[in-house]
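Take a look at the structures listed below.
You will see two complexes here that share chain A, one where it goes with chain B and one where it goes with chain C.
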Partner chain A sequence: MAISDVQEYTHLTDEEVEQLGRELDAIRKEIEESRGDSDAAYINRMIRIQRYLAVAGRLTLLLGTQSKKTRVPAAIAGATFLGLHKILENMEIGHNVMHGQWDWMNDPEIHSSNWEWDTAQPAEQWKHSHNYIHHQFTNVLGYDNDIGYGILRMAREQKWHPVYLGQPVYNALLASLFQWGVALHDLDLERIRKGEKDPKEMKRQLRQIGRKGRNQVLKDYVIYPALSGRQWKTTLAANATANLMRNLWAYVIIFCGHFPDGALHFTEEELEDETRAEWYLRQMLGSANFNGGPLLHIMSGNLGFQIEHHLFPDLPSNRYAEISVKVRALCEKYDIPYTTGPLYKQYGQALRTIIKLSLPNGMTSSDQPEPPTPSRSRKRKSDSERPSRIQELGVWSRGKSTERQAS
Partner chain B sequence: MSGTIPWERVRRAGSKLTTPLLPDDYLTLLNPLWSSRELRGRVEKVVQETDDAATLVIRPGWGWRYDHRPGQYVGIGVQVDGKFQWRSYSVSSPPQRSYQPGSGRTIAITVRAMPEGFVSSHLVGGLEPGTIVRLALPEGDFVLPDPPPEKLLFLVGGSGVTPVMAMLRTLDRRSAGNGRAMPDVVLHYSSPTEDRMIFRHEIERLEEKYDELTVHKLFTETDGMLELADLDDLCPDWRERETYACGPGPMLDAITEHFEAADLEDHLHLERFSLDLGGDGGEGGEITFRNTGKTVEVDGATTVLEAGEEAGIGMPYGCRMGICHTCTLTLVSGKVRDLRNGDEFDSPNEPVQTCVTTAVGACTLDI
Partner chain C sequence: MTSTPRNRTGGRSALAAARFRGDPGHALTQASRVHERHWVTQCALARICGGCAMSLGRPIAFLGTPDEVARNAFHLPPMHTACAEELRRTPGADPTWQLVTTAGFEFVRPATEDLDREPRFEPNSLL
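Let's turn to the complex of A and B:
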């Protein structure tokens, strides 16, 4: 089922693949040239809101819990503010800044080279495991560790073992301890298991994780509770709740990126001589979006536009919505699947896969959609079948030809 | 005052509450100047000097050291179309070592809008008071020594007057405030026209105030450029003076030639705002950018910064001439050579200035 050749899978000709690549390059160029003041204002606004949320959360917990009357509402409000602050920081700010989406501003305080995010994973390791490994080798079996993170079996090609029977439980643990799962991600558990990991590198990474993780734990579970005096238990519980909130949310969003039905896997043959245009095609076939309003997209770091994010990981996230309109049109034009759906449905599909793949393949059926058949015949089309051409722009367009003819 | 409170320790303790950020990142929510993470300043006043030049009075934030020497320049970064653009300008105000009640401490830079220079135009015409700018600490060797030489000659063209103005103001303040003698100063100031002469009125006031100060004005649009052969008439004892020259490149070239011919180059001090790449380039090699795994093969003349930009990496940059250190990145492995002096850097995890270094063989950068 995993795909060894994206071009063959999509039935596109060499020329069509190259043309698609050029059209995507043009979208990138257009966004790059139009980045400006309003984009800079956007990310600065996000950062300001996130920091105000952090201050509001900490103060509410420190002060509001001291009186018996306000204790419960303060704990609830404080945990909510903190949870939102962590979600916003991790998803819309940290993840995207570390991708270099805001490097163009040349602002040393909002730059991929030195951003440190508010989670246990050290930025340096994240940039390797995520920006490089996952984004370069997206969904290629044996290369991309994000296919199950070395813990879950997420592709039918991954060999079954009785240990996977516990997969629903591992999944629940991963969801609730997500920041720690992410923290260990770059260690590459699979390579450690196989004894392929350089012990010196492993020690260095563990020390780095230890340092970062210790500071994170101290902050939420020792220092702020201690500052709350007699109300330390309330603050501790609220902080743990905030972390859990962030963990569950980040987990759900991230599992909707590549695990819903329709997001495909690839074999390493695909990587051989892969052109830039084929890489684009693999990103489109391997990613899944979800629908929602602007607030949902901000809180999920605009990863509801996972396809657009994978095509252009370093373009500013606030522009993905407008990019998605163009990418979708291209998918229709080239008859390429564009996987999307409501959040609950996308996550539901991922969860179904987790449960199904805990069993051997023979006991379950695949939910992956059938590959697109060459629906449109590849033979030369007659003029009446061809889309009309906008003469002055030299581009192909679908539909609306009647309108144009009329005018 | 600050000696009694160990600020650095307070800050470190505070960072346990704000990790992975610094307390500064939250304090800037209250006042944008309350951060020493990046040097910054607030534009307090924009004073129009001529039609195309303005003085920006800037109040620096935390971490600024007010110990610039008269004649030095600072880097200033302003956000234009969302992007920070860096330029360097001489400080025109004299150093303020002590706090002045009421006014606080500020620095002033004077900028002339260059045709097609969109940053300088923005600085002169587009900055509202209250704008927050980034700053880089003062640098430069074009400085007035303390005590000053007994006899001085300033050769100034156009906006090259700014570092010299800082020197004159310093001499004035020392003389007025501390009663020290004004040295014997000759200022030769070329400007296209009288209207475009920056600090014209202030220089006239100083000339009236001090017998020791002689000012020659030359309006080049009507009277032509300074001929150095005329220096013997304008300032017969120029050979006995320490000379400070600042102005357009061709003017400085002619002055250098003239002083070299007289075997007096040791007494000539120049300020040029351009990169002098005296050192040899590296051998070139393959540069790897760690976070994306992108690599690019470069020759020995291409700087690491240019190589990164070519590879599509969002490289940080500033002055692009080795002054402001905005472009500094960590060299993970390999070796780079500084184009200015041939210095080599090859310690692992060493910070290097990408705008003035080239690869010597394969190297990897942390970005």
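Let's turn to the complex of A and C:
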């Protein structure tokens, strides 16, 4: 079910939405004013650990594979170290640095302008496809390209086509080759298919992807194996395993962010006119968390706090855990769904959606929960009672933009 | 001869064409859009320069009136320092604009009760 009127769905009054916004603003302000040395120490520690893991992995493969006796355990340990290094670098460091979460430190290296991560997609394209397209138009059908990554049908509102019968296979391929899927993400395959993409821009992006992809391939599959001498095959296999580990992990974490039951899709138009409070509300309803301990959250880039990340994408990720306590309390106070659950359950739901939506709607049923029940104190208003929100609040009223402009 | 560089949005404004001086790093291809809300939002989130549409560098520059500087709330998108300086010299630019540099900024969407109904930038680590 895609939501066309978020306020109606949540049964909140205008004043309640704005009060919710003010309370979220207060949370944001508190973090902004308290961020400092301990936060800087955290990200520096993460980068140190990530680099130690990389060095440990490379040395283990370089030295450990030379002896027949230690070859297999060294290959396993080396691949594991490298996989963990890539996961930590991509999830907790690269993704969050590129959001500008650490720009306030004024560190020449740990800055959204300078960080280039260890994956095939160029940072510049990620900042467009993810920071802008995905975070600004979160879960809005037709806007947010993260809904199915251009190859999967993830919402019942998306028209079914026989090609989607292969969806479970496409999903497995996307998971295994995730870094390459992400690398092509900003190209916007749908616009290319429709002939809407500017060919010059497409060529520029392809050149950028080609350069970055070539460097990644050279690093993982040519240079490091060559440095291993006669054991080049072992190093090459270990590097491929590390990339596969990172691909599968990143895919699972990302699919848990917006596709479990309870994370809603939207159909609004002209979303950039919405107020801050309305934007907050849409982010909360469109995202899903998962539960876990500190290590799980670090290795998932603190995206287990996806709701908090979408509310405050540029606040330091190490603060999301404390923010989540307050956000959850606000959700209870305002009777707004706070979607969370164990990782296996959240991914299981996303996987079930992928499989079910490979079939036409008539053959399956929706798994989305019912909307929140209006509380007794919040009498639902009729259309005639509800004030026009177009001028004051933006665009969450029904009707097309052209109709609004005409009125 | 170098052709006018196009940016990721594929656009090239008349102002940009007029201002292009052959330096691809500082061609103000998108300068005419610095007051457009959609463009401002895109620059803020995608971390691109509002003037040339390429990735921001460090420091990040903002142009603002004395009032905006005093409030630490800017409305023009973030820019490269060179692009901001170039834009300030462009005919038609506000003569009161001051240039401020920062390492980071908060992007603030307008709230209903705000008198200022445009998205704004609040530099958080002035240089």
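Points worth noting:
What we mean here is this: the second predicted complex is superposed on the first by the 371 of 407 C-alpha atoms of A that agree within 3 Å, B and C clash if a C-alpha of one lies under 4 Å from a C-alpha of the other, contacts with A are read in each partner's own complex, and residues count from 1 in each chain.
We take it that a residue touches a chain if its C-beta (ideal position, glycine included) is under 8 Å from a C-beta of that chain, and two chains touch if they have at least 3 such contacts.
Computed from a predicted model, the values in this text were never measured in an experiment.
Placing chain B and chain C on a common chain A by superposition gives a clash between them. Shared-chain residue A:K212: touches chain B; no touch with chain C.
Applying the stated contact rule after C-alpha superposition, one finds that A:T275 touches chain C and leaves chain B untouched.
Of the two partner chains placed by superposition, chain B and chain C are both touched by A:M105.
When the shared chain is aligned, chain C comes close enough to touch A:D25, but chain B does not. Of the two partner chains, chain B and chain C are each touched by A:Y132.
In the superposition on chain A, A:K200 makes contact with chain C only, while chain B stays out of contact range. Touch criterion met: A:D37 reaches chain B, while chain C stays clear of it.
In the superposition on chain A, A:S113 contacts both chain B and chain C. Contacts of A:R51 after superposition: chain B is touched, whereas chain C is not reached. Chain A uses residues 100, 103-108, 111-113, 124, 127-128, 131-132, 136, 314 to touch chain B in one structure and chain C in the other. Of all residues in chain A, those touching chain B in their complex are 35-41, 48, 51-52, 54-55, 58, 100, 103-109, 111-113, 116-118, 124, 127-128, 131-132, 136, 212, 215-216, 218-219, 223-224, 314. Within the complex, the chain B residues that touch chain A are 16-17, 19-21, 25-26, 29, 37-38, 77, 79, 81-85, 290-293, 313-318, 326, 329, 366-367. On the side of chain C, the complex with chain A involves touching residues 6, 8-10, 37-38, 41-42, 45-48, 54-58, 60, 103-113, 124-125, 127.
Residues 14, 18, 21-22, 25, 32, 98, 100, 103-108, 111-114, 123-124, 127-128, 131-132, 135-136, 198, 200-201, 204-205, 272, 275-277, 279, 314, 392-393 of chain A are the ones that touch chain C when the two sit in their complex.
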